[in-house]
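The following blocks contain the structures, represented as structure tokens.
Two complexes follow with chain A in common, the first pairing it with chain B and the second with chain C.
Take a look at the complex of A and B:
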């Protein structure tokens, strides 16, 4: 296997460390992220409270770490469920064609007509707040991207002789789809999924900020922005810290995503 | 009784017949070759036997009896049970015969598992013996990916895979076209050996007249979607009746005393070549 370039190794180390920090950091926070202490309201940065405290005296650093866990867990679940649903429907649609393909593709077209954020707001408005409802509402606007990509790959691949050969060996359709065709789809949709993490983190934060997403008392970046907005004129730092965290996280995820995309892109490999 | 009998067959694309009036019967243990130029309907006929016609094409007339069963009438499930077990295929594109990222051995296992319940060790033994019977290093091939093998090796491996469940009929759709001359001879001799040892019926599709003259027992000449002549190889080679067959044999370049140019097709204007 080709050794990764130094730059890529740095990207991967930063990305994985950041992901681990967000996933497991919650268990090592200096304070309970939901523990209010009215004697320490709006405390500024100090050794005891690295990023100060908020309007209820909760440690902002602990809440940022705990909020990161919520954001990353929600985003990864969204990506995972969208990926499984989209790829499964794309495989079925592309492989069988005909009426099934027509129905699935019209469903995709219908989903694509409406702006994604609006659908997510409507769905979470109907279902109500909460982590799983946010996940469902974002999955509703994500699955079809994976479905379209998978279908287009399958439509091209299924005409190749190895698929014909598998059919002629008497293999069942599900065997051909999952053992012979799925690996072709996986590499492409995985790249798409990595690029998507940043966008999903942003959507989760947006929904929570608007009050449709994660609900109190859970810590979540968008929710922290929402809570901080009424104190923006007097204590802007309560909004700035989660805002900068969202910005940094999305940037790290997007940088990593685009680099992965470049690494697997054949055209770019030629230049390397 | 013939193993396969095609009667008055018509294959159409959206109502337009592409292949019509096909009558072919394959005798058990014989090698029958379908020959003809590109576009004459050879491959479509072969695909239709396994019911793997491309989208839009369908059998619109006639019957196909395989072992007394009309393949045109049976369900897809029954057809799947026949494919691979009773009727096997080998294609021209040997690279396409195997999925590129799955080891060859595993693909053999999948073929067996699709039809029979057999324990893994027994399967492996059978696979290794089949690979060995086509003259390849069994252990190495078993653990190799398709891209780690040469064209000739892959095609021999494809034959081993096609023969793993000892089918009654092997359909070889131009299996030697993409191979060099040494690999071609190896593959043809292997097919001959299979025919002699397992009494397997072979339907050989080719446009290499020299090859079919040497290896086929019967010939079916196709032109523009019609069978223009059929009979035993000796009979047709010695006394071709149809004007197209005569011209086809006249176009084989001689190995000695090569003329400046090959004879042109000598077909009178008022003759309809599709007339049988």
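Take a look at the complex of A and C:
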């Protein structure tokens, strides 16, 4: 890989440090995010409580950081699981073709028809809230993108001569898939995954906002919005802080995602 | 060729509806707990096990799952979707009562989408890399990252609470009541359209037929509106087909924010109370709506760009 431009290096550093902050920040919060203190309800910004306190006197800054952990953990898990399932099915479908391909593709077609938000709401509503159920419900609407992309790459790639020669050498199907075909899929699928992070964070937040996502007393940004909603007219600040956090995070993820996409596009063009 | 294509799409449609019905049926099986107890509510506590079992028999819940599925499918074809567990009224009636709100909300959002994204997309493509292009790009980044529930709440706070110019509760009967919900729902979809339209127009501008049209001395305005836009619109229409479904999903959130009694609110209530018949009917309805709209979009693409048919035939 060529040396990165200075600008890109800055993007990557910002992105990774933000991720680390969200993932590990939870262990360094100034207060316990779930510790209620009724004597200090709706405190405004101060040195003690950087972002004030909410309706139960909990420190908003600590809750934002703890919520970031939940959001990022959930979103990364969603992406990871959809990636593995989607790519695995895509590999099988593209490599073997025939009846398996037909079945998997009909599944993908049917899943694609359903609007993601509705399915995620219904699945998490039926399973009940909680981190893992949220993850499952969003995986239900995410896996098929990866499946489609990896299948289309495999279908084009498996006709090439080196795959033929590997077959003639008596290589087993699964090792052809893992050793020769998988590397081709990775770069495309990884880009898709990075671009997707922002969208998944938004979906998690909206599920929690509707009350079908992460459940109390856990902290999560969408859930904080849901809780703060009723105090919006009197204390708008406890609504604005989580909103801005979601907005900023999705912005950072999207920005990084589109940058990565551009870089990969340029690389691909060079190869051609 | 054409006949075979049609047959193929009919077969695909049948397969789709088959899978759709299986999914809708299985959703009910996923609901935790006993459907008989759920239907009876508190009355279940005083009944003996035998009585419960009898009831289960009468509902056909002890039959093998495939027979249950066939029976269910039969009743669907007769238009019987069951009764809502919340209100006790037929599901079809409830849906009929609320669907108008959601449809007008969606229509309003589509108008917002078109009004915002088509001019901006064209302007961006025309002054590519200019100042205006950069501003619109910023606008796009802003609204892609914006959670639409938060946007809705902020708009309520701004226009209904602080400025007091628009009502906080949406209603489909007045234009003022529609303004905020439609804007909230529509504007979050605009970035993808602006980007796609910009990209397509820029690419179309380079194509040979545009140069040929110029060589024939056709006026720039005519070329732009009749030749370039027509070509650039096909992918936009395809994206629109995908957005329709998301529009229904987004409507759920928007209706919740503006407390409008639409299909979305109905489904949220149904999910909260595990009202299985309502969820089933809702899923079926959404699936069928989207299938039909996709078919319409497909036909629209063919009208806009007859080359699709020719290319499809060549491939075979």
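Here is the rule we use: the second predicted complex is superposed on the first by the 264 of 272 C-alpha atoms of A that agree within 3 Å, B and C clash if a C-alpha of one lies under 4 Å from a C-alpha of the other, contacts with A are read in each partner's own complex, and residues count from 1 in each chain.
What we mean here is this: contacts are C-beta pairs under 8 Å (C-beta built on N, C-alpha and C of every residue); 3 or more make two chains touch, one makes a residue touch a chain.
Remember, predicted model here, so these are calculated numbers, not experimental data.
On the superposed chain A, the two partners chain B and chain C both fit, without a clash.
In the superposition on chain A, A:172 makes contact with chain B only, not with chain C.
Touch criterion not met for A:231: it reaches neither chain B nor chain C.
Residue contacts after overlaying the shared chain place A:96 against neither chain B nor chain C.
Between chain B and chain C, more residues of chain A are touched by C. Within the superposed three-chain model, A:183 lies in touch with chain B and out of touch with chain C [touch as defined at top].
Using the contact criterion defined above for the overlaid structures, shared-chain residue A:243 touches chain C, although it does not reach chain B.
Of the two partner chains placed by superposition, only chain B is touched by A:164; chain C is not. Taking the two complexes aligned on chain A, the least Cα distance separating chain B from chain C is 14 Å.
Across the two superposed structures, the residue set of chain A contacted by chain B and also by chain C is empty. Per the touch definition, chain B reaches chain A in the complex via residues 50, 52, 55, 80-85, 88-89, 91, 93, 95-102, 110-111, 114-115, 158, 161. Against chain C, in their complex, chain A makes its touches with residues 106-107, 109-110, 113-118, 121-122, 125-128, 198, 202, 205-206, 209-212, 222, 225, 229, 232-233, 236, 239, 243, 246-248, 250-251, 254-255. On the chain A side of its complex with chain B, the touching residues are 97, 160-162, 164-172, 175, 179-180, 183.
Considering their complex, residues 12, 15-16, 19-20, 23, 27, 30-32, 141, 144-150, 153-154, 156-157, 161, 245-250, 252-253, 256, 267-268, 271-272, 274, 279, 283, 286-287, 290-291, 294 of chain C touch chain A.
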